[in-house]
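Going in written order, the chains are labelled A, B and C, and every chain counts its residues from 1.
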Amino acid sequence: MRSQRFFNLLTLLILVVLTAGFLIYTKVAASAYIQRVVVGLAISIILVVSLNLINGMTGVFSLGQIGFMAIGAYTAAILTLPLSMKEVNLPDLPSWLAQVELSFLPATLIAGLLAVIVAFLVGLSLMRLSGPYVSVATLGFLVIVQVILVNWDKMTRGSRTFSGVPPFTTLWWAWGWTILTIYIGWRIARSMYGRRMIAVRDNQIAAKSLGINVMRSRLLAYCLSAFFTGVAGSLWAHFIMSFSPKSFYFVETFSVITMLVIGGMGSVSGSILGAVLITVLSEILRNAERGIAIGPIDIPPVYGASQILMSIIFILVIVFRPKGLLGGREIDFNRFWSWLLPKRGEKAIVPGKEVS
Amino acid sequence: MLTLEDVNVYYDQVHALKSVTIEVKEGELVALLGANGAGKSTILMTISGILRPRSGHVRYEGHDLTRSSPYDIIQVGIGHCPEGRHIFGNLTVQENMLMGAVQRKDRAGVQRDMEWVYSLFPVLGERVRQSGATLSGGEQQMLAIGRALMGRPRLLLMDEPSLGLAPVIVQLIFKVIKQLHQQGVTILLVEQNARQALQVADRCYLLETGRVVMSGPVEALRTNPEIERIYLGGSAV
Amino acid sequence: MTQLQYLAQQGINAISIGSLYALMAIGLAMVFGILRLINFAHGDLIMVGSYGALLLLVLGTPFWVAALGGIVASTIAGLLMERVAYRPIRGAPDVSMLLTSFAVTILLENAAILVFSPTPRAFPTPSSLNSTFRFGQLQISRIDVVAILVAVILLVLLTLFVTRTKLGISMRAASEDLLAAHLMGINVNRVIATAFAIGSIMAGVVGLLWSARVGKVDPLMGFYPVLKAFVASVIGGLGSLAGAVLGGFLLGFLEILLQGLLPSSLAPFRDAFVFVALIILLLFRPNGIMGSAEREKI
């Protein structure tokens, strides 16, 4: 057991050093473009890991999480928008909001909490549904959020662009939140609570007969997922600086789902892997698209060959690796160690399930 | 008529049938006995082409059916009356019967056979326009058998036809099975009710955890002390 | 205009919109019934059909030829979709199938944007469809009447098909119990292809009626109708044909009702109210109005 613990700590240490090294290198040596990609990647990881909390672990396949991202983005942006900008851009704000200008952290926390409150309220009804019905109903939630954003002119500027958000999202903010999200996502996957959720996912009837409150564990996962998705929304808002309701609709929903499915639903490391792969791939494709310039010029960069290629890749993954690249399991570092340091006459570390 | 040679079937990782070899001769009534999960239904599903063996062969009158689809298997004359009846509850009795004959083109023959099934099970004849879901359990079983017969099978696979039915209905169903057998239909019968099965069958295979552990004419098995102890002793249904 | 005339006018509006939703929902319901696939890409068949018709109109063919061509185009697209994308993943978990249909949507919409550009194009609705009938003070647009008539005809034909023909009965059988359908020797591939074909034909028809109504086509035009068809088929109970039709008309009435009742400040929120109503309905009838309980997997 001692050696197991030692190797776990060693793994953790190596991962921390690698991540820190990567971030410092990015900050110091990489181009502004690469830095932006790395921040975008962090936000994607938060979105996918928190999507995995509900979709991967409970089996409630929500299509509406991007709605929470929108709530987070608009909430935080309204809170941090400088007072001078508020007068110009949001002249009709209620007075108690018009005088508020918060700094980044409290705004982000409030954004996350508001997402949780909304998630709790809609979750009370949505989490009772099952199968395809829950997917359609959560899709309904996404549409409701969209309709409200587009029509609540006073708060959101309606379908017009919301701009002037201060550029608060630095590399450190983004990755700080990312690491927190990963840590919590990972702890939950290994906790009693996570195991319970997975039990519910795999067999509802059995879970019920074991006295597991399906509704409660789903609701908890839903709220937690909403919190980090809301936080990601805030980070994204202060990263991109101007956005409109359309930014939080199906294209974004599909993109995050793609990352989750390709990496492997139900696995934290799979979620991260999916986010990394898709981010890198779509950057490459986007650049290629711009370089070759296929098709008429009036095509905005989001729409185009890269999207088509991405959806083909997605279908191929579902056909040939329906459980994603990692097959729903976590990356197993023990295997790496026992490959690196085989001990004679004994299995160095038993690969596979760890005993906690 | 039908042979399974060294058939191995897996459900994902679970080895469900282990080198199963079985033969059914023309005109025979063969019973498959065994506990729940022994692989009896798996054998029938493999013959019908729902499951694919990982190795081994299923042959029927010179055709190799190992890789055939259920659609083709119906065509060579194998009918399947599944466990749990699986009748179409939203369809009427008549429509259910029609589905049993879905591949047949001879309207007159289909009509004739429908009359024949209604004569075997008169209660069905009284309920032709009623939806399957409104029938009682026994009537649904009759419909399931009747529907399988509508394909004019020369080999009929029957999976637990007496499961969960009242004794009177069980008697009626076994009477029909005997009758079909006498008319020359070859039958492969899966049953938990070993006592009943051994009364009508010619030969019998005994399965345990995916393996054939005993086989032979029923007379021999009926007097086998182990069979006696496990399947006929105690309070068999 | 009297109160009564106003009601009559709104009623016809509701039935006409409901007809379109019902036709769309049928396509979703048929495919869901057999495959348990929520075909999100169903909406894009509307787009394919409309562009097909538009292309022929631009080439100068008469309207009815173009209409027929559009329907053929959406049918071919529907069959291709089934063969290429959905057949390889048959039997996969519901979620994988739903996601695949998402991918197909993104694929088709982006392909359409590449080929036709994202800007909407005018759809030259023939003037015979654009005019209105007048009964006293009541005005009824011809396109509404045509939509209702076409829907009634298609629904009658569909009913005859699923109750009188062997293939139609097989389709109902397969949608109830796929295993038994296989065991009876039903040609399941053909049944599924037929379900897609019928759904696509109806989507093609809806596409024409829709384009004629709004007078333009664009690559994302299928999104709004398919969302509505989702709601309709969920209201009725996923997989039930009768439920889909019922849900379509209920949705039509609900929308017109909201339009009439909501104060003008809330009117833009109509779609949000529709979805709230849907979620409330699901709380009381988790499987829709006519849906049967979910088959539990053992």
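Keep in mind that, in the parts below, a residue touches a chain if its C-beta (ideal position, glycine included) is under 8 Å from a C-beta of that chain, and two chains touch if they have at least 3 such contacts.
All values derive from a computational prediction rather than experimental measurement.
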item: Joint neighbours of chain C and chain B, given as chain labels; value: none
item: Maximum centroid distance from chain B, chain identifier (CA atoms); value: A
item: Chain with minimal offset from the mean of all protein Cα atoms; value: C
item: Geometric centre distance via CA averages, chain C-chain B, whole Å; value: 42
item: Averaged-CA centre spacing for the pair chain B and chain A, given as whole angstrom; value: 52
item: Separation of mean Cα positions, chain C and chain A [Å, integer]; value: 33
item: Residue numbers of chain A (touch at least two other chains); value: none
item: Contacting residues of chain C [partner chain B, same complex]; value: 166, 169-170, 172-173, 176-177, 179-188
item: Chain C - residues contacting chain A, complex; value: 32, 36, 38, 85, 88-89, 92-96, 98-100, 102-104, 106-107, 110-111, 113-114, 117-119, 223, 227, 230-231, 234, 238, 268-269, 271-272, 275-276, 278-280, 282-283, 286-287, 294, 296
item: Footprint of chain C on chain B - complex, ascending; value: 48-50, 70-71, 73-75, 80, 82, 86-91, 95, 98-100, 102-103, 147, 151
item: Chain C-facing residues of chain A, complex; value: 61, 122, 125-126, 128-133, 135-137, 139-141, 143-144, 147-148, 150-151, 205, 250-251, 254, 257-258, 261, 294-296, 298-300, 303-305, 307-308, 310-312, 314-315, 318-319, 322
